[in-house]
Amino acid sequence: MCRWLGYAGSPIRIEELVFNAQHSLVEQSRNARFTSHLTNADGFGIGWYGTGAGPGVYRSVAPAWSDRNLQDLSAQITSPLFLAHVRATTGTPVQQTNCHPFRHGRWLFVHNGFIADYLRLRRDLALGVAPDLFPHIEGTTDSELMFHLALTFGLEDEPLRALERMAGFVEETARRHGVERPLQMTVGMSDGERLYAARYASDQEANSLYVSNDVRDVRELYPENERFRHLSDEARAVVSEPLGDLPGVWRAITPATAVIVQPGADEVVPFTPR
Amino acid sequence: MCRWLGYAGSPIRIEELVFNAQHSLVEQSRNARFTSHLTNADGFGIGWYGTGAGPGVYRSVAPAWSDRNLQDLSAQITSPLFLAHVRATTGTPVQQTNCHPFRHGRWLFVHNGFIADYLRLRRDLALGVAPDLFPHIEGTTDSELMFHLALTFGLEDEPLRALERMAGFVEETARRHGVERPLQMTVGMSDGERLYAARYASDQEANSLYVSNDVRDVRELYPENERFRHLSDEARAVVSEPLGDLPGVWRAITPATAVIVQPGADEVVPFTPR
Amino acid sequence: MCRWLGYAGSPIRIEELVFNAQHSLVEQSRNARFTSHLTNADGFGIGWYGTGAGPGVYRSVAPAWSDRNLQDLSAQITSPLFLAHVRATTGTPVQQTNCHPFRHGRWLFVHNGFIADYLRLRRDLALGVAPDLFPHIEGTTDSELMFHLALTFGLEDEPLRALERMAGFVEETARRHGVERPLQMTVGMSDGERLYAARYASDQEANSLYVSNDVRDVRELYPENERFRHLSDEARAVVSEPLGDLPGVWRAITPATAVIVQPGADEVVPFTPR
Amino acid sequence: MCRWLGYAGSPIRIEELVFNAQHSLVEQSRNARFTSHLTNADGFGIGWYGTGAGPGVYRSVAPAWSDRNLQDLSAQITSPLFLAHVRATTGTPVQQTNCHPFRHGRWLFVHNGFIADYLRLRRDLALGVAPDLFPHIEGTTDSELMFHLALTFGLEDEPLRALERMAGFVEETARRHGVERPLQMTVGMSDGERLYAARYASDQEANSLYVSNDVRDVRELYPENERFRHLSDEARAVVSEPLGDLPGVWRAITPATAVIVQPGADEVVPFTPR
């Protein structure tokens, strides 16, 4: 079912969230809690900003827990904004081009969920992708197609509106084919400035998605905690499931809602397929 | 640029052609002679008939020369009809789903060559694939798309005619986009009964393709040769380049021609895109 | 913790036990039941007799559940005697040379368990391997070292006695280093004629190991069952955990005991480290 | 036969030498010039200082030219001191633990060459490794063993003297076994402060090794060249073969000689096995 996380704030080593947290993303790759699918071992990826001209991406088909390069890179790379993803395939092949994050220009994109009856809808969905974007599709997942549909619908200018259009297009296409409850998604994306996170599902319970509370409040709750002390006031993480058991650190994102993590006040806005 | 071979005849171990010949396919993976691209190390695959209900396929992204499983499987598997392929990518990712042979039902398909300006043509070519076949496309190569176009055009009923239609469709699509010399191909395919091989290129020299001479004639030339003695009279191999230097064993297939290796007399027929 | 199975009897497709059983080995790779370690996704391997001069081996670092080649090969290969293994590393790298089965000449060897404090004991254990066997060690697991120690102690002549000596040598070496409860093992091995299985642990509960009951008795219990009907009377499987829930099919092998599956009556003998 | 490079100087992106030079290391992975073995596609690795507490390492079994992660990481990572290596195996398996650089604490180590008759000597060489270092050996190459022997002989205190002792130990061990011309090596190593490079072979021509000339001299030769203009005066590269054809940029390191690249004047010293 996949698990992912996004982080924006003062620069930290990627390993702090991917490896070193109590219920880190790598721990979730072998033992997820908030889903019936425990194992997320069909590849993984990290994408980050700050060490090169555009975002960097490292993806691999190995289970995250056994990839030594991931350990090393997560310990070496410090970033103020990154996404990480562990994959559980819903049927498409385990290959690097099917691993998240997907990238286009400055944008990164991760997804947890599925398009129901994807193989049946795939052709019509692919036809919705702009011809100049079509050649950039390198894998065969529903997730990468969703990204390219959102790009087609204007992701780079109006990110959430484009994501809503993508969701609307998927639902409309599914309706035409008589596919019910077509879309299940939590999506994380970024242009290097902001971190966007959306939680949505058509006619069903949406997959879990959590955002960390204000660091200042968390610090007050746990004044002794080293980890919270060295985070900037505006640091924020969005996660498929909480990285630890401490009460007061995480809150669920409401279904059909999106969060924008950005310099200054973050935003929470409704998410409505168009 | 890829190298491939096909064999039909008395059952032999796959290693006889893939490893044990003087200029075997694995040798060609590191040191091809009949092409400017010496190294064919972007994955490989074997497909064979006879050990299961349909054809078996083993594919890997490793260079053929270092894959121990390939050594073992080639030594273990005996087959009367098989195809093998070593890949040199023309740009698409090195992943198992991009390795040949491709399979559909009882059919196997290998290709050496390219569609010029493939990424630009890809969408229009994909639209030519029958909607019910479209979901079976698992990789991103021009080769797999060519196979599914040929399936769309009736490969299972009229193999060579469907291949000609595919070539015609590719050329027509390329013409519309102003792409010159669009198609370069040697193709091998089989349904488990016959081995089909075609050599063709639009407005350019076609890649090399050879077929072995009649085993009876070869045996007369080399009466002491153990290898030839244990082959059946009708055994035949088709190869991107000869597996050895012995004169009189191999002859080039004429460009714009296809060969059908089958029980009884083999056939050589013109190949004309439609 | 690893899971493995061995089969000897009328030739069957490998997939029958590896994929098609209710709680097949591949199912155990994601969801083992008889151990606290649920996931066995650090590579896998199959070894079989009957299609080539010696045993064939196919090993890979991918989780067994996502490896398409394993699906194909298991469906293609029919064998009267095979071993299969899914790995959960106890620390050594995930690489093909660390996957089971290990092979030497006609022998195959699989192991579930560990040598306690292995890295500390490794050098002294390695020194116990005969100098002419030492170069054949290709990986870095305790399991492969146990195999080469057993080979050193005469495995090819007196298989179980050599295995007992190996266990004794490991325990003795551990004792010298002050390592407690040094050995946990269920071992499967074969020379292509017999299937040997041993269950043993020093001063602790031994890992689970089961053997199938006499096919004739099982058939009487389940006269309608197709699967049992087409097995030969002498067919026998040894498994880390039962492949299904049907009562009366499996019985636990007593700790400190070995089973020899062979033409004619099978044998159960005590297993005592020497 | 392997190709490698080392760099020390003003921080540059790793891609500048690994990808962007005329005859870059990745180009050498498919088409080496200064050796009879053209293809170095049995895995690769990079090791660098400056982005984390100790050196980072990224290694993979793929050919360097097709690994997308290497492209990304080389473009993202800036470092003042790094080593990179492309491997051509002399027989040991293609696996990550056999890829260079090897790492111990702050040290990185790369090697091009071989120990003659390695499998025969392997056990005696392994016995020379200090027992507390023995467990750190993770792969099966002669190169990693050479590194651990040098560590045993004091690499961390007297790097070149330890390397000479290692070479002496290998030659002495080989002599005992009657192995002639036992050692062929160019070695690169670093502790993050200095870059050490040695070229040596016993009784035969040593593999090629080059060092770049003084940047100030090179700049005078090519005043228009952008690449040279942005390098610091003390920047220095050591390479198996030159990264380009410009005259006056590279000079061969004399056989049986070592170079120390360091802040202030570099050193050239004799290399004599002890």
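Per-chain numbering from 1; labels A, B, C and D assigned in written order.
Going forward, contacts are C-beta pairs under 8 Å (C-beta built on N, C-alpha and C of every residue); 3 or more make two chains touch, one makes a residue touch a chain.
Computed from a predicted model, the values in this text were never measured in an experiment.
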Quiz item: Which chains, if any, touch chain A and chain D both?
Solution: B, C
Quiz prompt | Mutual neighbours - chains that touch chain C and chain D alike | solution = A, B
Quiz item: Using the average of all C-alpha atoms in each chain as its centre, how far is it in Å between chain B and chain C?
Solution: 39
Quiz prompt | Multi-partner residues of chain D (each touching 2 or more other chains) | solution = 68, 93, 96
Quiz item: Taking the complex as given, what residues does chain C use to touch chain B?
Solution: 13, 51-53, 56-60, 68-69, 72-73, 75-78, 96
Quiz item: Which chain D residues qualify as touching chain C in the complex?
Solution: 92-93, 95-97, 119-120, 122-123, 126-127, 131, 134-135, 137-140
Quiz item: What does chain C use to touch chain A in their complex?
Solution: 30, 38-39, 41-42, 61-63, 66, 68, 89, 93-94
